[in-house]
Amino acid sequence: MISFRLLKDRIARGGMLSVTLSVGVILFLVVAGLLVKSWPILSLKPLSSLLFSSAWRPNHGEFGFLPFLLGTIWVTAVAIVIAVPLCLLSAVYFSEYAPRLIRELSRPLVDVLAGIPSVVYGLWGVLVIVPLINGQIAPFFGSYSTGYCVLAGGAVLAIMIFPVIIHVSVEVFRSVPGEVREASLALGATRFQTVKFVVLRRALPGIIAAVVLGVSRAFGETMAVLMVAGNVPIIPRGIFDPAYPLPALIANNYGEMLSIPLYDSALLFASLVLFVVVIFFIVVSRLILKRIQARIE
Amino acid sequence: MDFKTHISVRDLSVSYGTAVALKNITVEIPEKKITAIIGPSGCGKSTLLKSFNRMIDLAEGARVSGAIVVDGENIFDPGVEVTAIRKKMGLLSQRPFVLPMSIYDNVAYGPRIHGTGSRKVLDPLVERYLREADLWEEVKDRLSQPASRLSVGQQQRLCLARGLAVEPEIILGDEPTSALDPKSSRKIEQRFLELKDDYTIVIVTHILRQAKRLADYVVFLYLGELIEAGPAQEIFRNPQKEMTREYIGGTIS
Amino acid sequence: MNGRRIEEGVFQGLMIASTLIIFLTLGMIIATVVAEGLPALSLQMITQTPQGGYYLGKEGGVLNAILGSLFLAGGASLLALVMSLPVVLYLNVYSHPRSPLSRFTRFSLDVLWGVPSIVYGAFGFTLMIALGLKASLLAGILTVALLVLPIMCRAMDEVMRMSPPELAEASYSLGATRLETALHILSRQCLPGIVTAVLLAFGRGIGDAASVILTAGFTDALPTSLLRPAATLPLAVFFQLGTPIPEVRERAYASALILTLLILLISLLSRLLARKFTRHVVR
């Protein structure tokens, strides 16, 4: 005869267990769903033609994703080039130099930055960055751009991934024990030399993890780049050329998805590619960070 | 010494993974007396105590063999309700951990989960146990304040009140005063001396003088084995085993 | 010796410059949104739905989008909460941290956390068609719930893992069951963190466009039915921005301002509530 309390406990346990199991089921469903819907196009066209051809004419049944893949890569690369130095320098400043007040103030500010929705970044990009490129930056480099280009997308993306990279980097720096810094300073090194030779070296894997995480974010970002990158399905030849990142492709064409044969399968295949790439980066980043955690303990 | 056994430990062995913590412990704990489990650190005192209220179940990789019989039933029997066992035993830990609620709710938590719900019953109950723990006067005007605002000594007394509120038969103390200042320690020790008339008390302590002050019965463990057990007078004045003599004399600690 | 000093100086300068750039950018973004949005913000914008000719510059507001966003994000957060709490409580109270189920669930949550919102949108779209739903508030809620579930779970899990194990032990030693410990002790100790997690998810859900663009549709009407399309603020901004008519574009700025203000408000609320609920938390 089991008491009512224990019965409640057992029922609750069963209920919670099923919900927990369903998390794994959800993951499985998402992957399976993407695979199943991509199957039609995958079975008709060889993977290499999908990934490496630049012929994009859905009406004629041609689905070459190369321009979009390269577009995403271009935009992400620009974002990383802009964001990483800025973020690293700031992260070093926050964790090694900044007085307590600034550190305390900055945390909520970075949080706010992280909370701003994608469309608002896109809007700002359209209002500020695009005209800037069109009017000042491109002519300065002797070329012409409408402003809706790789650089615009990369710049906006860079700002969007600031919080991720800074947050993880600061955490990583914090994990470097104080004694190591003290030892270096006691030997007469300057603050900066301590950072350069000691802290950075220990933190390097963590910084790589932070950057990888930033890349994964940039890859998957949709709205902001959709608004500023130009959305022309050609392979960009320079940062002033328009680009058509993969997420933007998916978001833009949902209207026609069902009317052109194989289009829906193609777009879901694009989603699958995004999924695989982003997850790959995240898993790599997690592994690095876990190893650092383990080393601390 | 004539006594009635309350807890009968029979051939108890506990290991965590490959490390053996307790080896074939057989000992009787007397009723309504204060028993002190003494021994150098790492000898298994806490493990023995945790076995009494089956908190050992929560430790990862813990394996138990043997039996502990309380009131005629082996607490390790598969049919036994763990929550009932734990209700019988009140635990006072080394570092007081108050629950994230008001002072009143802390004491009322135990009775509430075991079925008592109405304020009419709980109000006098809370007052009674806070008095038994010698804390009532200090908190009676702020029962609804968060318990975390009390001082460490007060928190430990609150934990005592909380443990008493479930009306246990046995009080277990795991180094109950080692985190407290001398004044609070003395208060807790005082309570134990007064409570032993109604409860069986088992405390683990590494402070020999505390054991001498409080204990009626002493159990000496060393490296997981029972070396000697007996009435406090005999153990402290005339220890039988060499190791006991050395520990009490201060040669080993 | 001097070389090092110069190096130190140069880099200190660069560091401060970087930090300033980052914060100035934030400031600029907010300033732009306010500067462009405030002039076009009127009571009408917040209290009316688009009337006839709204998209040509005539009367109306974005109440449809405001309410749509609130309902959608609210529904999604609620759904995610109903799922997250059991999962997190199970992981922290019932299962061993190193058990295969624990590890796999946390891994799944990590993966789901990283999935881009457009992929959820595409998946949601597929699900929608499979279930026979049209673009609707319900489809949007389901998709956004998927999006925010891992965010909520992770935030809650992090707080619960930090709870000292002795607290749970104190509860068990009083004879409490695991359910009682989970509901009365752990939840109370982690309440500020739970509230923050829910509001964090809500904020994320309300601002995301990629997940709703395929699933929630858009409409000028107020959200009255789960089965009809619903307007959302991010999409309202996006659509209004794309017109050649300047009045409508200005309304896009105003909508963006409304959205940003909403999110800032939620962030503030989250901090206030967290502080309020910390009253009983044990350090």
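Which chain is which? They are A, B and C, in the order written, and residues in each are numbered from 1.
We adopt the following convention: contacts are C-beta pairs under 8 Å (C-beta built on N, C-alpha and C of every residue); 3 or more make two chains touch, one makes a residue touch a chain.
A quick note: this is a predicted structure, and the numbers were derived from the prediction, not measured.
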| query | Chains in contact with chain A and with chain C: which ones? | reply | B
| message | Out of every possible chain pairing, which has the most C-beta contacts? | response | A-C
| request: Please find which chain has its CA centre nearest to the centre of all protein CA atoms in view. | output: C
| remark: Note, CA centroid farthest from chain B's centroid sits on chain A
| CA centre of chain A versus CA centre of chain C: separation in Å? | 17
| query | So what's the Cα centroid distance for chain B and chain C, whole Å? | reply | 48
| Chain centre separation (chain A, chain B; CA means) in Å | 54
| Of all residues in chain A, which are in touch with two or more distinct other chains? | 5-6
| request: Send over the residues of chain B in touch with two or more other chains. | output: 83, 113
| remark: Multi-partner residues in chain C (2 or more other chains touched) are 177, 180
| query | Quick one: in the complex, what on chain A touches chain B? | reply | 3, 5-6
| remark: So, in the complex, the side of chain A touching chain C is made of residues 5-6, 8-9, 12-13, 15-17, 19-24, 26-27, 30, 33-34, 37, 85-87, 89-90, 92-94, 97-98, 106, 108-109, 111-113, 115-124, 126-128, 159, 162, 166, 190-193, 216, 219-223, 227, 247, 250-251, 254, 257, 267-268, 271, 274-275, 278-279, 282-283, 286
| note | Seen from chain C, its contact residues with chain B in the complex are 96, 98, 164, 166-167, 169-177, 180, 184-185, 188-189, 279-283
| message | Show me the residue ranges of chain C that touch chain A in the complex, using the header's touch definition. | response | 4-5, 7-8, 11-12, 14-19, 21-23, 25-26, 28-29, 32-33, 36, 83, 86-87, 89-91, 94-95, 101, 104-105, 108-123, 125-127, 146, 149, 153, 177-180, 182, 203-204, 206-210, 213-214, 234, 237-238, 241, 252-253, 256, 259-260, 263-264, 267, 271
| query | Taking the complex as given, what residues does chain B use to touch chain C? | reply | 53, 55, 58, 60, 83-87, 89-91, 93, 95, 97-102, 109-110, 113-114, 146-148, 159, 162-163, 166
